[in-house]
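See the structures that follow.
Below, chain A partners chain B and then partners chain C, in two separate complexes.
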Partner chain A sequence: MTDTTPFAPLGMLLASAQKTLTEWLHLAMDQTVRLAVTGLNQSGKTVFITALVHQLLHARQDSGLPFFECVSSNRFAGSRVMMQPDVDVSAFRYDQFIQPLTQQRPSWPTRTDELSEIRLAIRFQPTGLIHRQLSDASTLYLDIIDYPGEWLLDLPMLELSYAEWSAQIFQSCMEEPRRTLSTEWRTLLQSMEMRKADDALLRQASGLYTQFLMRCKLEYGLSLLQPGRFTVPGELKGTPLLTFCPLPDCGEESRGPESVYSIMEERFNAYKERVVYRFYKDHFSRFDRQIVLIDLLKALSKGPENFSDMRVALESILRNFHYGTSGLLSRLLWPKIDKLLFVATKVDHVAANQHHNLERLLNRIVNKPANDAIFQGVEVKTMALSSVTCTRTVVREHDGRRLSFVQGIPKGRNKEILLFPGEIPESLPRAEDWDANRFNFMEFEPPRLIDPEAATLPHIRLDQALQFLLGDKLS
Partner chain B sequence: MTDTTPFAPLGMLLASAQKTLTEWLHLAMDQTVRLAVTGLNQSGKTVFITALVHQLLHARQDSGLPFFECVSSNRFAGSRVMMQPDVDVSAFRYDQFIQPLTQQRPSWPTRTDELSEIRLAIRFQPTGLIHRQLSDASTLYLDIIDYPGEWLLDLPMLELSYAEWSAQIFQSCMEEPRRTLSTEWRTLLQSMEMRKADDALLRQASGLYTQFLMRCKLEYGLSLLQPGRFTVPGELKGTPLLTFCPLPDCGEESRGPESVYSIMEERFNAYKERVVYRFYKDHFSRFDRQIVLIDLLKALSKGPENFSDMRVALESILRNFHYGTSGLLSRLLWPKIDKLLFVATKVDHVAANQHHNLERLLNRIVNKPANDAIFQGVEVKTMALSSVTCTRTVVREHDGRRLSFVQGIPKGRNKEILLFPGEIPESLPRAEDWDANRFNFMEFEPPRLIDPEAATLPHIRLDQALQFLLGDKLS
Partner chain C sequence: MDGARTWIPPVELAVTASPKVGRSAAAAPRPVVLSLEQDGEAASRVEPVEAVMAAGESAESASATATGRGGVLTGLLLVAILLWVSLTVQDAVLFLRQQWQSHLLLGLFFTLLTLVLSGLLLTLVGREWRRFRRLRTLTVLRQESYRVISQQTFGLGQPLLRRVALLYQEREEMVACLESFYQQSDDYLGDRELLLLFSDQVLSVVDARAYQVVVRHASAAAVMTAISPMAWLDALFFLWRNLWMVREIAEVYGARPGAAGSLVLLRQAIRGMMGAGLTDLLATGVAHSMGDSVAALLMAKTGQGLSNGLFIARIGLQTMQACRPLPFMGEAPGLAQIRKALQRELGNGKSQER
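Here is the complex of A and B:
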C-alpha cells in the first residue's frame, strides 16, 4: 500500500460517470480539518498516525471500524493521500512507515522527531443526502500534523518572565530525579562569575543544562523539558537562541548590561519570540483538533516521579486551552481548537479487563485540571486505545485463580509468551501503591498478518477516536 | 588560545586608567563591518576564517603582517572575540577550530556546512589622532559571516522564471561531466506521466536530480549546483520546498492545475521566495564586504570541465553585483557590499615563483566579466594567498636545470617530501594545455609550530587581504 492508491470503491463509479477525480474533489461542500498529533514519553506518535491513515485508506463497511459512524453506516466513499498543503513542512512519509508494519516479518517504523504533515481527501455522503446520487458526495480534506510534545509544553513559557520561568525550573529541581540529574549544572552556576558574560562560560552552562534535560528524557522518560528545542535542536543547534539556561535571582547589582543574567534573559526572550511564538503563530493557531498521546503504562512502571512529571505536563498542556483572565495566548489570537483528545496508547500491553481502568485513570488525571479551568468551546476527552494491536488476552487458571494474561511476541524475540502485566489502578496510586515489581509491562513486536495485502491492521478503539475527531465533520 | 583572551596590550593601560572595557567599547566613533566569507570547491573557508581571527587576536607590530597598515604603523591596540549579534545564527566556533591547528601534532579542523558568525572588536587609534591619548581610540566591530557558496550561486535564480531556469539547467547538462551524471534523472523525466502529479513520482524525480547534484559536487568538485539547498538541506530536508527539479517545456496541454509541471513550478517559486529571497533579505543585503574563496589549483588539476564550471560560477556570482537594467536584485534593495575579493587559496601548494601566475590567472577569469558589467561602487579585486602555510619553496638542480620544489608533509603522512607541482599558466589554458599529469598538486598537513603558544600561524598575503578588506575602516 503506497500513497498512490486511488479511491477504490469510488473509482468505478467515477469511470462510469465520465468525470475526472479533480472535478469531484472541488465541490462546493468541501472542507478542511487540521488534526494535530503530539505525544509524551515516546508514546508511539508515528505508529498512531500511520495506523490512522492506514485505516482510512482501507475503510469500508466490514473493515472493523464499527464505531466510526460514517464507515459503519456505509456513507464512506473512499480516501486517498493528496499533495500536502504546506511547502516548508516535511512530508509525513506514510509509505515508508507502513512498509515495515506490513512485511512478512513486521517491525516498528523508525520514530521521527520533527514537524511533518500529510493530507488525506475523504469522500463521503452527507447524512442528509443519503438517498440522493453519489454526485452529491462531499470531500473532507484531513491534514494530519505531527510535532514533538516538547513544543506544546513550551507554550506556557509565553506567559512567563525569565525570572518566573527560572524560579519554576529551580522549584522542579528540588525533587528527584531532577535534583540529582541537575547537580552538575547547578554546581557550575554557583561558582560562575556572573557580572561579565563570557561566551565559553555561557556555552558551558547551557551545555550542562541541556545535558540535564537529555538525561531526564532518555534515562527517566520525563516530559516537562523546557525549553523544548534544547532536546530537539534542528537547525538552531549552536545558535545563541539555544545558549541560555535558568538563573537564580542574584539581585540588581549582578544584572548589569554585560552580565550573564541580562544576556541570558535576552536570549530567553528571543527564544520565546522566535521559536515559541513562531510555532504558535505558524502552526498551533491553525490547528482544529489536537490529540495528545501518552504512554501511561510506561509512566506507571517508571514510578511515582515519572508519573507525577506526566501529571504536571498534562496540566501544563491543558493550560494552553484554558481561557484565563490574564492569558497571553488569549490576548494574542484565540486558537481554533475545539476538540482535545488525550489518549493512553498501547492499551494492548495489558489484558482486556484492565482497559477500562486505564481509561479511568487517565480520566482522573486529566479531568481535575480540565474541570478547574474555564474552557471556551473546547471539548476534552480521554481514551485508551491501541493503534496496532500486538497481543491478545488469554484467561488461564493460576494457583486456583482465573487470571487474564496477554499473549504476544516480546520485542527482540521470535516466539509468543504469556505475560501477567499486573492490574491497573482505576484511581491515582497512593504512595504505598508504588511497590517494586507491581507492574510488569513489556514492549511487543508488531502482529504478523496472515495476508498483509488484504487485511487491515488490528486495533483497539481507533474507530472511537476517529468518531470523536472526525464524526461531526463527516455527518 | 580561547575566545576569552582579554585585550593584551590594552589591558594594562585600561587597568591604569581605571575604566572598564565596556566604557571603552562604546565610544561614539565605533562602527561595524559585516564581512561575508564563502567559497567554491571546498576551498578552505573554515581554515581561512580561523587564521584571520587568529592573526587579528595576535596582531602586533612584529607579528608578521607588514602590509596590514594599522598593525605595521603601530596603531592597532588589540582585539577580542565578542558576543555575536544575531541570536538565530550558529556561532563560528573559533575556539574549536584553532585547537587542532595549534596542537603538537597539528591537524585541520573539520569543515562546516552551515551559516555561522563570529564578532571581533578591534581597538585602534585613528590616523588623525595618532599623537593624542589612547582614550581617543576607536573600536571597529568586525562580524565575520561564514556561509555555503551554493547560497550565493542561488541568487541569480531570483531573476529567472521556472521555464528559463529549467532551460539553463538542461543546457548545462549537454556537456560532460553533467551529461553523463544526469542521465538517470533525464531518463526518468522522459518516461514520467506528466499530466497528473503523484507524490511518490515527484519525490523520485527530485531525488534523482539531488543525487546528480551530489555527484557533481563530491565526485567532480563542481560549483554551479542549483538549487543550493538540495546539497545542503538542513531542516528543509524532506519538505516540498526541496521536492522539485527542472522540467522540459512540454507545451500548454501538459500544464494543467494538477500536472507535474505546475506543481513543480509552484515549488520552484516557493523556493525562490522562502529560501533564496529570505537569505537575500536576512543576510546578503546586510553584508558590507564579501570574500569568495576558490581552490583554483584543484580546478586546474581536475581538468577543463571543472575549470569551465568554475568560470561560469564566478561569472554567475559577479552577476549578483552587476547593476543591470532589469535586475530584480537592484529593484528590490541594493546590497551594501562595496568590496568584493576573489581569493585563490592554498597558494603554498605551489612554489613561490608560481604565486604570481596563479594570481594573474584568477585575475584573467574574474576581470573579463567584471569589466563587462557595470558596477555601482563595488571594488573587485583578486588575490592568491595561503591562510596557513604548510610548505616552503626549495630550489634544486634537476637534470641540469634549477627547479623550484615545495617541501612539506603530505596529508596522511608523517615525513616531509620534496614535490614539483608543475607550473601555473598565467593565462587561460587552451584545449591542448590540458595534458594528462601536467599538474601534480597535493594536500599537506598543517605546519608544526615550534612554540604554538608564542608564534602566530605562518601565512602568505593574509595581511594584504586584511588591508584590502579592513584598511579603510581602520585608518
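Here is the complex of A and C:
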C-alpha cells in the first residue's frame, strides 16, 4: 500500500474518501426483503414469526440451524430488531410474544387479528468475490409481515357484483351446516322492510350475518367465510364498512335510492375498494416472499366435510399467487413474489417418522396451485415444520406393536403423556375410512426450557425454511 | 373389507418419569430412536423396494454398463488366467520332478524356492483382492444411499452413516466435523436430510482434499507436458500421472486401491467421461478456445499443456464421483475452478520464466 508518512494529511483525506466510498457502496448493496406470513386463524403465524426472529437473534454456528447455510458456514455476523419501515402499520410485538414462551412455566402468545410487521437487520459475510473486496459485511433488512389468511379469501369478491356475490352466498347456505346456522339471519331478512333503510335494522342484519360467520368458524371450524374481515375485523370493527350483508334478489321496485338494497350494495362496493383493493395495493403488491401456514392436522382430525371446506378455502387463497389472465386481477396481483413456501405447521404433534407423510399430503393438496405458480416463475416448496417443538418422539411397544409416540404436556394439563395420535395417511382417506376416532391430535404446552436465558427454542426444520426463504439473499 | 381396519387407532399412555424437553435433551440419545424405528413401522409401509433399487443402480450408469458388457470379457479373461495358471503349475511340477531326479539337494532348493515365490505371489494377490473389496464397499455404500434418498425412508440413515463414518473416524481433521455432525443431527431428521447434512458437513471436507489432489495433478501435468520436449515421454508420464492421481483420490475417500483397483477406477473414469458425452467434451473444447485469454497469450505448447491438465482434471472429477461413499447431492465439483487454477499456474510459470 502507499506510504503515508510524508503526506499524512493527504493520506488521511484519501483514507476517509475511500471510507465514504465503501460506505456508500455498502449502502447501495444492502438489500431489503419483505417476507409475508399468512395462514388461516390459529394456524401458527404468530408463533412462527416469533420463533423465526428468536432463532435469528440467537443464531450461532452451533445453535441448531445446520441447514441454514449462512449460519452453519459461519458467515452470519449477528442481527437485531430495527425500527419498522411503515409508520401506519401495527408493530409485531416480538418482545411481548417471546416473553411468555421463555418463562419458567411457558405459555402461548395471545391471538392477533391485524396486519403487523417487524424489521430485522442481518449482518453477514458475503461469499461473492466482488463483495468481499468492497466491504467485509453486508446487511440484509428483513421485514416480516403477519396478516390473516382470511383476508385473501376476499379476492374473488373483486370480480363479482353485489348481486352475483349475494347469490353465491345464498347458494352456499343451502348446505349443512350453514343452512341451520344461517336460519336466524335469513328469517330476519324475510321479515325486513326493504324499501326504506333503517340504520338499526341494517346493523341488526349485518350483526346476525357476522354471528353466523363466527359460528361457522368457531363451532365448525369452517374457513371459507366471506367477507374475510367480518371474522377478523382488526381496526375496522363497528365501522359502516363492515355493516352490510348479502341480500336475496328482490324486484326492481325495492331498489330505490333509499332502499336497504342500494345502501348495502354501496357498502359492499366500498368494502371492495377501501378494504380489499387497498390491502392488495398497499401491502400485497410489495411482498417479495410468501409463506402460507396450514394446520393440516386440525383439518384432518375434524373429518371430511371440514377438510374439504379448508381445501376450498386454501384453493381460493392460493389463487392469489397465480394471478390469472383476467385484466384487473392480474394488474392488482402483479406482486414481486418470487418464492412461495407452503408449510404444514405444528408437525411436532406427530412422531418424526410421520413427517414425510404429512409433507406428501400437503403436496397433494397444494399440487395444482403450486404448479400454476411454478409456471409463472415462482419458486415453490412444501415443508412440514414446527416453530416451537413441544414433544419428542418415543418408540414403545404397545399391544404387540412398536409404535412411535410423542411425549409432551397436553394443553391445560401439567403432566407429560405418551400419545400415539394415529398415523398420517399418504393420501386423503376415503370418507368411509375417516372414522371419528382415527386421529387424536392434541395441542401441547410449550416446552419447558432447561435454561430459558441461554437456550434457543427447539424447532423442526425452521432452518430449512430459513435457507429456502433467505439463503440466496445471504450468499 | 369393512371389518378390516387398515389404520391403528390412537393411544394415550401416562409417563412415569418426566424429563424436560429441550435441545440438549433431544440431541443426546440420537441414534437409538432412529434405528429402532426401522424394523417396527417401516415394515407396515409397503414400498417398491426393487424398483427403487433398480433406479439407484441405473444412476450408476457408467459402472453398470461396464459390468454388463464386461461380463463376457471377464469370463474369457478368467478362463485364460485359469489356463495359464494350470499350465504354469504343470510346468513347475515337471521341472521340480526333473530336479529331484537329478539331485536331492537341487530338488530341495528349487522346491523351497517355488514355495516361497508362490507364497509371496499369493499374499500379493490376497492384498490386492482385499483392497479391491474395500473399494467395492464404497460403491455399495453409495448404492444404498441412492435407495435411501429416493425412497425418503426413516431410520435407515443413521446406521448407513455410521458405516460411512467408520472410513474416516480415525483421521484427525475429521474428528471435529463428525462430532459436530452428530451434535447437529436432530432425531426428527429423515434419512434424506441426514445424508444431506452428512454430505454437507463431513464429506465436504473430504471432497475439498480430493479436489486439491485433482488440482495438484492437473496443474503438474499441464506444466510438465509443456516443458518436456519428447512426445513419448509425455505420453508415459501422462498415464503414470493419471494412475497416481486416481489412487490418491481413492485413498482420500478411504479406500486403498492396489494396482488393479486403480486400473479399474481409471477405466471407469474414462468410460464415465465418454458417457458424459461428446457434447460435454466439445463444450470444454469450445470454451477453451474461446474464453482462454491466457492460453492465447502463451505459446501453443502451453495450450496443449492446459488441455492435458483439463483432461486429467476431468478424470479426477469422475474418480471422485466413483469413490465418494454418498452421491453428490448438491452441485458436483466442476471444472470451472480447476481451469482458473490451471491458468493461474501456467501464467505464474510463464511470468517466472521471464
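Odds and ends about this structure:
Here, the second predicted complex is superposed on the first by the 424 of 475 C-alpha atoms of A that agree within 3 Å, B and C clash if a C-alpha of one lies under 4 Å from a C-alpha of the other, contacts with A are read in each partner's own complex, and residues count from 1 in each chain.
Methods note: a contact is a pair of C-beta atoms (placed from the backbone, for glycine too) under 8 Å apart; a residue touches a chain by one contact, two chains touch by 3 or more.
Since the structure is predicted, the reported quantities are computational estimates derived from the model, not experimental observations.
Legend: residue contacts after superposition of the two complexes on their common chain; A:274 is shown touching chain B, with no touch to chain C. Looking at the shared chain after the overlay, A:403 reaches chain C, while chain B stays out of its contact range.
Of the two partner chains placed around the shared chain by superposition, chain C is the only one that A:438 touches, whereas chain B remains out of contact.
Here chain B and chain C are compared by how many residues of chain A each touches, and C touches more. Using the contact criterion defined above for the overlaid structures, shared-chain residue A:105 touches neither chain B nor chain C, since it reaches no partner. Legend: residue contacts after superposition of the two complexes on their common chain; A:263 is shown touching chain B, with no touch to chain C. Shared-chain residue A:450: touches chain C; no touch with chain B. Once chain A of one complex is fitted onto chain A of the other, the partner contacts of A:418 are limited to chain C, with no touch recorded for chain B.
No residue of chain A is contacted both by chain B in one complex and by chain C in the other.
Of all residues in chain C, only 6-15, 18, 20-26, 33, 36-37, 39-42, 152, 154-155, 180, 183-190, 193, 196-197, 200-201 touch chain A in the complex they form. Interface of chain B with chain A (complex): residues 2-4, 22, 81, 83-84, 86-91, 93, 95, 114, 116, 197-200, 203, 234-241, 243, 257-258, 263, 266-267, 270, 274. Those residues of chain A whose C-beta lies close enough to touch chain C in the complex are 62, 64, 66-67, 72, 352-353, 355-356, 389-396, 398, 401-405, 407-408, 415-423, 425, 433, 437-440, 447-450, 455-456, 458, 460-461, 464.
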